[in-house]
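Both complexes shown next keep chain A, but they swap its partner, so chain B is in the first and chain C is in the second.
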Partner chain A sequence: MVGPVAHHFNNMAQQQASVRLGMWLFLVTEVLFFGGAFCAYTVYRIWFPKDFEAGSAALNVGIASVNTFLLLASSLTITLAIRSCYESDRKGLMRNLLLTTVLGTLFLGLKAREYHIDYQEGLVPGVFGYLTPHAKEAYEKERAVNPTLPETPENAFNENLKYALSHSKVYKGKPGEDYEPYRVQLFFMFYYSMTGLHVLHMVVGLGLLVWQMVLTATGFFDYSARYVYIETMSLYWHFVDMVWMFLLPLLYLAGPHTATQAMEQFQMAIGLGGGH
Partner chain B sequence: MATATPHSPTGAPVDPPKLDYTPQAIPLPEPTPAEDRTRKHYLNHDTSLLGWIFTVDHKRIGLMYLVGVSLFFVAGAIAVGLVRTNLITPTGAILELDQYNKAFTAHGTIMLFLFLIPVIPGVLGNYLVPLMIGAKDMAFPKLNLASFYVWAFGALFFMYQLLVGGLDTGWTLYPPYSTKYSHTNVLYAGLGIFITGFSSILTGINIIATIHKMRCPGMTWGRLPLFVWAMYATSVIQLLGTPVLAVTVVMTAVEKLFGVGIFDPKLGGDPLLFQHMFWFYSHPAVYIMILPGMGVINEVLTCFSRKNIFGYAAVAWSSVGIAVVGFLVWGHHMFLAGQGYYLAMVFAFLTMLVAVPSAIKVFNWTATLYGGVISYQAPMIFAIGFIVLFTIGGLTGLFLGTMGTDIHLHDTYFVIAHFHYTMVGGMMFAWQAGLHFWWPKMTGRMYSDFWSRLAAIVMLVGFALTFLPQFVVGYMGMPRRYPNYPDEYQLYNVMSTAAAYIQGIGYAMPVFYLTASLFFGKRAGNNPYKATGLEWMVPSPPDAHNFPATPTVYFGPYEYGVPDGLSIVDKMNGHTNGVHTNGAAKQGVTSGS
Partner chain C sequence: MHAVEQHIHTLPTRGSTFTVFAVLAGLALLALFIGFSDLGPLKVVASLGCASVQAGVLAYFFMDLKQSDKLTWLCVASALFFTGLQFLFTLTDYLTRHLGVL
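For the complex of A and B:
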């Protein structure tokens, strides 16, 4: 069995300091990675504030709110895990790691549900998009009024979005006046790429959590001596949380929403309450 | 520590040998020829295949990079062979139009992403940084191995994409051409670049952590060899720049995948934003491609002119200065791309600024040479070639950074010549200098003096004749990336192509004499060039764990020409590099002739 200090280090202090520095440096790169995306977002948000508002209004802020609470709670539990590790409390460590994993998994489950709902509403620009039946109906009605419109709409996303927003209880903007549906596609490209990257980071984080649980459970892991690994893992986990703390206002809160709407959206998403 | 008597790394008190230079630490005894034949070192202590595949030894990983980058260099050279041959005639001698696009794109992407960026950090950085700072290995040896495999996988994946579908966007991947109109493998090639970038980030983290945390006793920041400083600055750029390229590539890939995206002008998106993000990485990336080379030059010049570096602190901090200011000038690639007028002026000004730290280095190098005892062995010929060629490259950069002249010169062969002077004349020559300088350390064998000098001269002549005509023809107006050109440019192009073949011969030569050295070369001994760095204090090739015991450093890195040898006790407090000098240090600065 390998000792706690790897062969190329002189002592524990040097090893721990290196590991911590390594993780901080990695987080610097992560800041720049997401920073690039945030920067592009900022440029377009300044150019097209109204379209971003409209895009945001079409998102499911109910799920996002619950997810925020889940992630914040997981930040607490992973910090408690460091504490347990520090106190050589193996059971506590296991429990807190497990709790963190469960909270993270719940987040991903809800996020998957949210993507599913977005897809059902047809809020997917580009080649994966399709025209939803509701939007089709609405389009037919519009065409009855204005027969110069082509038989099939030029862009399915635009029609789906118009339909979705016209049924929003909170957002009152009108297409063409308050927002241009085609530009909202830009917003949605940001939405999918940024949340997608965040999800990928969550998956990696969950992998690390499971790995540390296995090490703890098999007893191979001298937790009191190597708690620096739990600590650096938690740094990463906190970072991923932080990214979400930026995504939430930038994506979900850029448009108008109300608490009641959020509540309804969430209940509907998990199959409680009426729906249409 | 101040009153300690010197001890060898094995702990025994030493009787300092009389030398005309002062090593940073006490050298280990030279193995006798008999010992040398049987001793175990990092190459032969475990020769099984698995011993190489799963090695975490930074020296072996360095050698694995050496094999990898050399192969990719050959691939890139074949691609440019096609390009240059095609340019012999004004209408294109051998390639179809789209083949031409693919050939120059393959050349550019392979040479940049798979050769120039990893070459010195991957090979020499890996090999030398731990040795130079007196560490047993990198801070994260397993991560180091992982980043090699990530790199190798990404690189092979990328090569595969080039072979099956090709890429015709140029290395710059500008949308909307790359996202909308190109029918080549933009998506997967981008993925390959992303993966190699990830490896570059991991290597950067490893090197920074190593330099911060693994230095041996006495190895203060002011005593770090300048190569280490340069690797530090390079790693900072890799850390801060590469993620931005990565996310840009991701967004481009998303656009390719979804068919709509963030840079799509039809949706109100802006292709210029791509250029901003791309050059935010890629301008600093040109310094990823030159700083390690500059680091090598410091080591070689001081050794072969037997002098302390002139202005250690200025050289060290200019690396950091380049790393910082290099992040503020990217807009000079977009003077003609529709960027705001006042913004362009700011970028033009800052571009002038970024030339300053490079100039500081050049002045310090020439001042180092002044009054030195210079010997022209192969590494030194390469190093002097570097100084001359890089200076031309840097100065022509100023023509390009001036807005008015850039309107005329942008996207012409003048730009091509500019960056080949910096990247080939600079980095490639520095790489050859470094490879030749440390080859005896890595392999334990000396290569042929005659052939290596000849190769250096062939490369130099071939290089100059290839790219000088391109300055001229570019200034006359020949655009880059075009397969056809008016007849009056033919003479220059034929010259350039002919000289490119000469260069090719030059690059092939080391393959022969370096390989031959492994079998027939004289044994190098610990320190064939009488250099001062820690890596020369141990036998060649070094042991698997570098040092039998952690060494202690008493001196600065370039104490050449100190006649009274290693009287360490009186000089123990002699700070070096001309800052707080007494004893050895002072003489190190001025001595030489």
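For the complex of A and C:
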């Protein structure tokens, strides 16, 4: 079975080419969309390199590392799904789409855990006033030495960050000398907005994958020529993976990290102990 | 028949798909290795270089640019070109402001 060609196309090849072009045109707009965010990041990183380094040092690079490989694996499975559809292998197509969805969901799960850890550590920029118990204790010790400090800190984020970085096994910078905590908030604004945009794209992608699984179950992809729709989905999914390839070094690897620290951070994140 | 209609895509073999995946995984490990190293100012250059190679491999093989027609290549080139302009004009504006003030 070849599959239906819509009336406004000459033949299947033209229809398939149009489908691919449509997605590529959309991806061009996506490049410009993320490009704006990366451009703004570039400006502020050039202006405040040390502060961005400090902010990056406070992130959980263990989760980010595992997420990188989850996304790469999902790119593999969706590419295999194209072949399954082309060969009219409905079970293989469903399996590969499901695997892609599972891997993407695992990515989002770890991302959610990462955001939760960031919240627990009080690394949320702005004037929300949440001072972590550890940071409060450290501030009170500081205040005991320097009674001119106000009873409550001006900005909770600054104190939370200072505590998080002072207990980093890798980052050795000092507040006031190597970084200004209030400037590191700029980094975290970029971190949350850029990874948040990426998460949004992942969620949309997962929704589309589920839709394609439903279509697979109804026999829509039994026409092997419709593999081009899986291919179109894969273009979007690979693009989301591509964005992550740039987010990882710019956000997570800007500051000093080690492989040991990454492993410990990941173990801690999934509840197997470890430290910051 | 128009050129675009003659452009039939043949799917890559499973072996080549897994090979490309292995290359991408290797590049990801390299990216992490660079990230965990102390290269000073070269670190960001090396990291972004590695990310660009990864993106290139992903686009050329997994996104099937290898077999794509000229119109698709034009889309990619225009995305890169206009992003380049975006960076150029923004950076030349912002990086020439507030000189000596920050």
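Everything below uses one rule, namely that the second predicted complex is superposed on the first by the 262 of 276 C-alpha atoms of A that agree within 3 Å, B and C clash if a C-alpha of one lies under 4 Å from a C-alpha of the other, contacts with A are read in each partner's own complex, and residues count from 1 in each chain.
Convention: a residue touches a chain if its C-beta (ideal position, glycine included) is under 8 Å from a C-beta of that chain, and two chains touch if they have at least 3 such contacts.
Just so it is clear, the structure is predicted and the values come from calculations on it, not from any experiment.
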**Message:** Output check: A:203 vs chain B and chain C. Expected answer is one of first, second, both, neither. What do you get?
**Reply:** neither
**Prompt:** So, does A:35 touch the first partner chain B, the second partner chain C, both, or neither?
**Reply:** both
**Prompt:** Between chain B (first) and chain C (second), which, if any, makes contact with A:68: first, second, both or neither?
**Reply:** second
**Request:** Answer with first, second, both or neither: which of chain B and chain C does A:14 touch in the superposed model?
**Result:** both
**Message:** Looking at A:270, would you say it contacts chain B, chain C, both, or neither? Reply first, second, both or neither.
**Reply:** neither
**Asked** Does chain A have more residues touched by chain B or by chain C?
**Response** C
**Asked** Is A:112 touching the first partner chain B, the second partner chain C, both, or neither of them?
**Response** neither
**Request:** Could you tell me if A:43 is touching chain B, chain C, both of them or neither one (first, second, both, neither)?
**Result:** both
**Prompt:** So, A:214: does it touch chain B (first), chain C (second), both, or neither?
**Reply:** neither
**Asked** So, A:186: does it touch chain B (first), chain C (second), both, or neither?
**Response** first
**Request:** Please identify the positions on chain A that touch both chain B and chain C, taking each partner from its own complex.
**Result:** 10, 14, 17, 21, 25, 28, 32, 35-36, 39-40, 43, 47
**Message:** Using the touch definition from the top, list the residues of chain A that touch chain B in their complex.
**Reply:** 6-8, 10, 14, 17-18, 21-22, 25-26, 28-30, 32-37, 39-40, 43-44, 47-48, 51, 125-128, 180, 182-183, 185-186, 189-190, 192-193, 197
**Message:** Show me the residue ranges of chain B that touch chain A in the complex, using the header's touch definition.
**Reply:** 135-141, 143, 201, 204-206, 208-209, 212-214, 239-244, 246-248, 250-251, 254-255, 258-262, 264, 266-270, 273, 277, 280, 545, 550
**Complete:** As the complex stands, chain A meets chain C at residues 10-11, 13-14, 16-17, 20-21, 24-25, 27-28, 31-32, 35-36, 39-40, 42-43, 46-47, 61, 65, 68-69, 72-73, 75-76, 79-80, 82-83, 86, 227, 231, 234-235, 238-239, 241-242, 245-246, 248-250, 252-254, 256-259, 262
**Prompt:** Which residues of chain C touch chain A in the complex?
**Reply:** 2, 4-9, 11-12, 14, 17-18, 21, 24-25, 28, 31-32, 34-36, 38, 43-44, 47-48, 50-51, 54-55, 58-59, 62-64, 68-69, 71-72, 75-76, 78-80, 82-83, 86-87, 90-91, 94-95, 102
